[in-house]
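Please find the structures below.
Shared between the two complexes below is subunit A, which pairs with subunit B and subunit C, respectively.
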Partner chain A sequence: MYSRFCLLSLLLGCLIQLSLCSDTAVSVQGEQDHEQGNTTAKGRSGESRNKSSKAFPVVTVDFAHVRSPFVVALWILLASVLKLGFHFFPKLSSVVPESCLLVCVGLIVGGLLKTVGETPPILRADVFFFYLLPPIILDAGYFLPVRPFTENLGTILCFAVIGTLWNAAFVGVGLYAVCQIKGSGLEKITLLPNLLFGSIISAVDPVAVLAVFEEIHINELLHILVFGESLLNDAVTVVLYHLLEEYSYAPHIGAKEVILGILSFFVVALGGIFVGVFYGIIAAFTSRFTSRLRVIEPLFVFLYSYMAYLCSEIFHLSGIMALIACGVVMRPYVEANISHKSHTTIKYFLKMWSSVSETLIFIFLGVSTLAGEHHWDWIFISCTLIFCLIGRILGVLGLTFILNKFRIVKLTPKDQFIISYGGLRGAIAFSLGYLLNEKFPRILFLTAIITIIFFTVFVQGMTIRPLVELLAVKKKQDSRRSINEEIHTQFLDHLLTGIEDVCGHYGHHHWKDKLNRFNKKYIKKCLITGERSKEPQLIAFYHKMEMKNAIEMVASGGLPKFPSSVSMQTPRRRSTLSERLLPTLTKEREEEVRKILRENLQKTRQRLRSYNRHTLIADPYEDQWKQMLLKRQRLRSTDQRVSVLLTVPTSGRESPPGMKSGIESDTMYFEPRDPASDMPMITIDLATPPSKESTDTQNKDGEDKGIVFAANESGSPSQRVQRFLSDPGPDHESDDHLQS
Partner chain B sequence: MGSAPSLPAWEIRNLAHTTGFTSEQIEILHRRFLHLTDGKATMSKDCFDNIPDLESNPIKSRIVNAFFDQRNLGLQSYGTVDEITFENFLTTLSFFQHMDENHTKEDLEYYKTEKLQFLFRMYDTNGDGKITLEELREIIDDLLSKTSNTEKTSSSIADAAMMEAANTCGGQMEPDQQYDGITFNDFLQIMQDIKIESKMHVRFLNMDTSAICK
Partner chain C sequence: PFAPLSTIQDKLSRLALFFSREDFQRIGELAVNPLGDRIINAFFPDDKQSLDFRSFIRILACFRPTVKDKYADPNAAEPINSRSNKLRFAFQLYDQDRDGIISRGELIQVLRMMLEAQVTEDQLESITDRTIQEADLDGDGAISFEEFRKSLENINLEHKMSIRFLQ
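For the complex of A and B:
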């Protein structure tokens, strides 16, 4: 209750400040020029200041020169506080999607500003296209699930291209027919403006789709279909928009123009992708050399992607496709090269920016509604709405009917309904409408666009969640990718490729396999540093998984549970799995291990580093580490068996960096700048136990090799030290269980 | 290639009935079969060496063995045959057909189990009904194509995978029991989460493109 009160007061404060800013801006504006004149005059004749009798101003208020950044920052702050605020009203946020709430808030703010007498700011097209849209698209493209996307690429392309064209034609022609009806007052609107309007309104908007679909957690297939469509139809929209705008100046439209239009579509789409791929490769190549300066790694990712977007905008190519292509191409190589921290940074920055952008877009949509003039025409707007809905449904039905003949996994009617219902329009349509030339009935179009957007955001956005529940559409399965899944998926890929080769036809798997092999042989060598380029995918996956498990383990401060069903008796038959998996420790071994741990811990505390603003300092994971060790010692003393073993390389730099999954210079507990220094290091190497040497050399030199837990397998020739950090098993009630 | 002896129509109908392929598909596959065997009526293991694309496949030997595995051919015993006929060839390939929703639920379950059996047999090379740690390690070695330095990693990956399998499937075991290997039921359980059987199909063509491809 108290927190809600605080939040509301904060909100109110922001709003008041905002209105005051705009207010003072207006009133100051008049004075500003006067003041400027004064100051320049004073500056020019410096001595006149001495001569004048004006006292030195101790406190001045000069809002004018911070106005722009101040207002921008205030808006963003308002947006973020609002977003925060919604979570304090869970009942509200579960019924109404966030986008609706934001639009409402925008309306309120716009209303407030209008009553103050100030014109609310409109969502300017250049601000939208250059600053607000790219983070969202980059976030979507970088984290695009590539496998389902490529599996359904044909379907997605069909919906994006053919579906959008159909929608545009249907709405345009339909509205033209309506306009021709005598007495509607709209006869002036000829076919071309109607088609242009149709092309603007028919594109499914990625921002709106993301905003709504994020909250309903629909299954992967539907999500990728609708979302992929919203991304790829940008090319179609761009081409249609420019084409029809150009045609409106041309006196005559013949076959030549149509052919040029089709050609320009391919140029726009493929050109955008090409620009994106180009920048993606350069980014990947740059990331190969960033091992010495890890701090600015995320910057490269962001900058190269933004450059790709801007470059494609220079040539009027599809910026969205460039961004997506850049992100998709860049990701596997960059992730192999950059440090774990940079990876986290990229993820969080992208999420943060895209979240803020989305919020701002919706708020500004609300504000802009009250900002401009409106021309409400019942016939036009209601017909637009009807045609949009019907056009979408017909388009989806028709296309799925054709596509189901070719698809393996057919689209059920439920799927079709969700796809057609999920065709939301959003801010892109609004911005495109805003950019229209004055010779079109712009105000009418803008009003219609806003109405459609409101309808889709509010009505469709709010009802889609209960509809999904009602129709019992399959939800997203929250499954972690397990190592088994990876193994079997890879095996199956090879198997299917082999079968296709046996049958003698070049199918889907054949080409995928060829691409993979080409990738492994040539591309990876160029774009990935050092040894990582040769690391097979399975090993990379395994390392990633182990890393995740390790981090989770430390974060939880304890040990994972292990099923008691796996026997941990003293080794009887050496070849059995259990014995090798979970060997026991004898008492003296335990003591040895404890001693090593103490020593290592002391050594690490003695580390001293000079402070450097640009280095990433090692973490306070050490506290958790110590607690974990203490817990472990306590557990041992109660005679429970240790089941977690960590492996360590004997000498930090000797084991090939390839085995360290990108954490070679950025381990969990230490940031080694140069390996040559004899700073003690704790490195955790995942899954490469150089077994024989580990137990022997652990105490040899004073140099800290790291933490070694050695396992005693009496009699087994190779002292295997292994690490098992697999998922905690299902809960068992037996007392062999380790408490974590 | 010359004129290949085509199958009599009754045989095609027979095969279509038993294996589920359409007659066009059977004809195309028959032509492919003859291409691989150089005109002979039966196929031996080295016929598969004629396929250049298969050479770079890391699990080539397993695939070839699968064609000759007696269990896949409907015989109950374990072991491999030396020569297979066209019907055997088709039988093995029929595991990769796509089962659409026209069939009944029991049929779909049956086909799904059959596909997973095929996959299981490819893993379980010694035929004892369990995928042991050794066999799992061999699979991973194959997948990693024995690149340098992978021995230790592959065994730890195998251990981790077995551990996971034990976690998911071994829940009902006694505290003293050892987890020997993945039985077929365990395998089914693992695969249920992954839904591999929905991906295990190859598109068989109704048109002949073998002139273009090798």
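For the complex of A and C:
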């Protein structure tokens, strides 16, 4: 209760500040030049006066020169505090999706600003397209699940291209027919402006889809179908928009214009993809050399993607497709090259930016509603709504009927309903409408667009969740990918490729296999640093998994924890294993261990050296702790045979290429543990990675050495490291290890 | 690479009676495929040297896309391209000695074939151990057919193990 009260007061404070500074903004705005002249004059005269009689002003208020960044920062702060606030009201946030709440808040803020007496800011199209949209799309593209996307690519393209064209035509022609009805007062709007309006309003919006679908967790197939469609229809929208705007008041449309339009579509779509791929490859290539300066790795990812977007905007190509292509192409190579911390940074920055963008977009939608003028026409707007809904349903039904003849996994009527219901419109439509030339009935169009957006966001957004529950649509499976699935999927891939070869049929699997081979042979060598270029995918996956486990195990307090979502162990088995894994120490060993720990732990923690912007230095305290852990481990392993260590190669120092992974040791992992508790611990050995390009600088800086699963350099045979969770089968296996 | 394929297609078109192992081994892509040998062995079980057309088609039929037939008679025999039979086919490729379970040695062999000598023995063994540990429910240290089926329950097998043109 108290926290809610604090939050509310914080919110109110933000709102009041905002209105206040907008107030002063307006009053300054009109007379800014005049005032500036005044102030400088005053300043000079003030100075002279100062020199003579006035005391030096100890406290001054000069808001004008910080106004812009201040207002921007305040808006973002307001948006973030609001987002925070929603989660304090769980009942509200489970019924109403976040986007609705944000639009409402925007309406409230807009209303407040209007009552204060000045114009609230409108969502400007250039701000939207250059600053607010790219983070969301990049976040979507970088983390796009490529496998389901490529498996369903045909379906997605059909929906995106043919579906959008059909929607635009249906709405445009329908509205034209309505406009022709005598007495509606809309006869001035000819066919082409109607078609233009249709093309603006028919595009499914990725921002809205993301905002709503994120919260309902439907199964992967439906999610990727609707989401993929919303991304790929950008090309269609761009072409239609520019084409129709060019030609809308032209005398007549001939075959030439249609052909040019089709050609333009291919240029826009393929050109956008090409630009994205180009920048993606350059980004991957750059990341190959960043091992010496890890701090700026995330920056390259962001900058290259943004450049791809801007470059494609220069040529009026599809910026969204460029961003998606860049993210998808860049990701496998960049992830192989960058450190683990950079990877986390990229992930969290992208999520943060896209979250802020989304919030701002929805709030501004609400504010802009109250800001602009409106021209409400019952007939036009209600017909738009009806045609949009019907057009979408018909389009989806028709396309699915045709597509199901070609698909292996058919789309059920339930799926079709969700796809048609998920056709949400959003801020892209609004911005495109805002950019319209004055020769169109812009205000009417804008009002209609806003109405449709409100309808989809509120009505469809709120009802989709209960509908999903009602229809019992399959939900997203939460489990992580197990190593079983990974192995068997690869196995099946090879098997199917073989069978296709036997049939002589060059299908889907055949080409995928060829692409993989090409990738392995040529591309990986160029774009991935050093040794990791030869690492097979399975090994990389396995190491990622082991790492996650290790982190979980340390974070959870040292008890062996199997991947919970994946393990299908019965409880009985789990307890016996954990019993077996808890080591037993003799009394005197325990005393020795305690003594060592006490000695080492009593040293107070040294202060970190002054922060250097160019390197990330490890905490010096950590080195001591690690050494102590190693000592302790050696002591313990002399006593028992089964210890909990991560698997290590017994081939000594030369760890195979795949074993390098760039985890820095965080201080979190090294909290002092009760030495008496017989908890298994992980030894994390910092050793220099075998990367050719960075061996010199690594040792000095203490930077990013990575976890290398290297053998303990102990000499005695009894300390030979055992396998983690080894097969408790026949005894001769462990004997082998002792002797090898 | 087109010559051996055309031999098969030739024989198919003439409804020639038998394929031999050489016909299959001459397919270029199959030689590059890490599982090539095992696939050929699947077509020629028990050291058979010749394959007649019916058996060939029966094996290929396993890869037809599954059609959910609501009106199917529940007592009728399971169709060849059911999910269960597809799984069984894949399982048999792992389980070379036909004892009904994928033992550790068999799994290591398969992994070694797929990873094509880019890994050390220890890595192979640890991956195998991990795989068995994840899937093994009854604690016998090997993967039975049921455990195999369970570990793949999240994968869309009807999509993965179907060849469109066989429909």
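List of remarks:
Throughout what follows, the second predicted complex is superposed on the first by the 543 of 740 C-alpha atoms of A that agree within 3 Å, B and C clash if a C-alpha of one lies under 4 Å from a C-alpha of the other, contacts with A are read in each partner's own complex, and residues count from 1 in each chain.
Note that a residue touches a chain if its C-beta (ideal position, glycine included) is under 8 Å from a C-beta of that chain, and two chains touch if they have at least 3 such contacts.
This is a predicted model, so every value here is computed, not measured.
Once the two complexes are laid over each other on the shared chain, residue contacts for A:503 go to subunit B and to subunit C alike. Within the superposed three-chain model, A:466 lies out of touch with both subunit B and subunit C [touch as defined at top].
With both structures placed on the common chain, the touch criterion links A:117 to neither subunit B nor subunit C. Of the two partner chains placed around the shared chain by superposition, subunit B and subunit C are both touched by A:487.
Using the contact criterion defined above for the overlaid structures, shared-chain residue A:145 touches neither subunit B nor subunit C, since it reaches no partner. Using the contact criterion defined above for the overlaid structures, shared-chain residue A:495 touches subunit B and also reaches subunit C.
Judged by the document's definition of touching, subunit A residues 408-409, 479, 482-485, 487-492, 494-505, 507-508, 510, 534, 536, 538-539, 542, 546, 563, 566-567, 569, 573, 656, 658, 723-724, 726-729 lie at the interface with subunit B and also at the interface with subunit C. Listing the residues of subunit A that touch subunit C in their complex gives 151, 408-409, 477, 479, 482-485, 487-492, 494-505, 507-508, 510, 513, 534-536, 538-539, 542, 546, 562-563, 566-570, 573, 647-651, 656, 658, 723-729.
Taken in their complex, subunit C has these residues touching subunit A: 5, 8-9, 24, 27, 29-30, 33-36, 39, 43, 60, 63, 65, 90, 93-94, 104, 110-111, 114-116, 118-120, 122-123, 125-127, 129-135, 137, 139, 141, 147, 150-152, 154-156, 158-166. Subunit B meets subunit A in the complex at residues 29, 32, 35-36, 48, 51, 53-54, 56-60, 62-63, 67, 93, 96, 98, 100-101, 119, 122, 133, 139-140, 143-145, 147-150, 152-153, 156-157, 159-168, 170-181, 190-191, 193-194, 196, 198-205, 209-210, 212-214. Residues 408-410, 479, 482-485, 487-492, 494-510, 517, 534, 536, 538-539, 542, 545-546, 563-567, 569, 573, 576-578, 580-581, 656, 658-659, 687-691, 722-724, 726-730, 732, 734, 736 of subunit A are the ones touching subunit B in the complex.
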